[in-house]
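The letters A, B and C name the chains in turn, as written, and every chain counts its residues from 1.
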Amino acid sequence: MNYETVTIVRIYLTEGEGQVDNLIKRLHDWEKVRGVTVFRGIQGFGEDGVMHPAGMIDLSINLPVVIEFYDSPDKVESILEHLDDQIKPGHIVRWSAEVNV
Amino acid sequence: MNYETVTIVRIYLTEGEGQVDNLIKRLHDWEKVRGVTVFRGIQGFGEDGVMHPAGMIDLSINLPVVIEFYDSPDKVESILEHLDDQIKPGHIVRWSAEVNV
Amino acid sequence: MNYETVTIVRIYLTEGEGQVDNLIKRLHDWEKVRGVTVFRGIQGFGEDGVMHPAGMIDLSINLPVVIEFYDSPDKVESILEHLDDQIKPGHIVRWSAEVNV
């Protein structure tokens, strides 16, 4: 099995912000990223320090949502530049990894 | 607290593929990996570009599933060689991390 | 977009251990970590090798739970020293990443 370098990105949002659908659509339609997975947290807090308590998943609009994707380092770099004005500081993390090819 | 190096692996599947249970059983029974966690995404798309829409979690069979584990670099290397013929290219990512010991 | 180095931490617990709420409270009230996200796995096994089967999410108390956060390397180092006596070996992983600032 051979591997090549990718950059993994995780973007931390909350459902209530209404950004999630637009961002996924953008990554899908425009950026043509290889794949995206969206995870919903069951609890969390952000820079405002407000706890988003656990509870009935489908009743809460303030639960954390993480959008994860990976692609070649160059492509990720370009995607993140496009997202510059859309995602608040401190909410995008990225690191280097390897993917099977 | 002391730390040692591990390799973290994430394998991206969809529930409908029917691979998840077999893979977990294999990692548990054969590979004796230290621990495995399986996450279900709420939405996503893969290399086919087809969106797997959000909705009632238990009604969808096409939701993304991520199988995550970590172990010593040598052991992970050997496990990934065994999985070579089972996981499509682009669906396994791995990176180096540290674990408390 | 500028980036700075952070350490990402993932702590692997199970719901039945009853540690999750205390740990989040501690990270929030005492450690003042920037943000925390808690994820629930749908299946998994740990060092005891016992499978925690998939099923009705809200009926199981043995599902895996992951507490994830990131902050500056120094702050994470200090937080992890405080957690030294609370988290079992093999259950904290950390790695270096970059966050948008």
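Here is the rule we use: contacts are C-beta pairs under 8 Å (C-beta built on N, C-alpha and C of every residue); 3 or more make two chains touch, one makes a residue touch a chain.
The structure presented is a predicted model; accordingly, all values stated were derived computationally and were not measured.
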### Summary
chain B turns onto chain C (C-alpha superposition, degrees, nearest 5) by 120
### Message
Over half shared numbers or under half: where do the identical copies chain A and chain B land at their interface, same or different?
### Response
different
### Query
If you average the Cα atoms of chain A and of chain B to get two centres, how far apart are those centres in Å?
18
## Note on the structure
Check: chain B positions touching at least 2 other chains come out as 39, 95
#### Entry: Touching residues on chain A, where the partner in the complex is chain C
12, 39, 41-47, 49, 51, 54, 64, 66, 80-81, 83-84, 87, 89-95
### Task
Give every residue of chain B touching chain C within the complex, in rising order.
1, 3, 6, 8, 24, 28, 34-40, 65, 70, 95-101
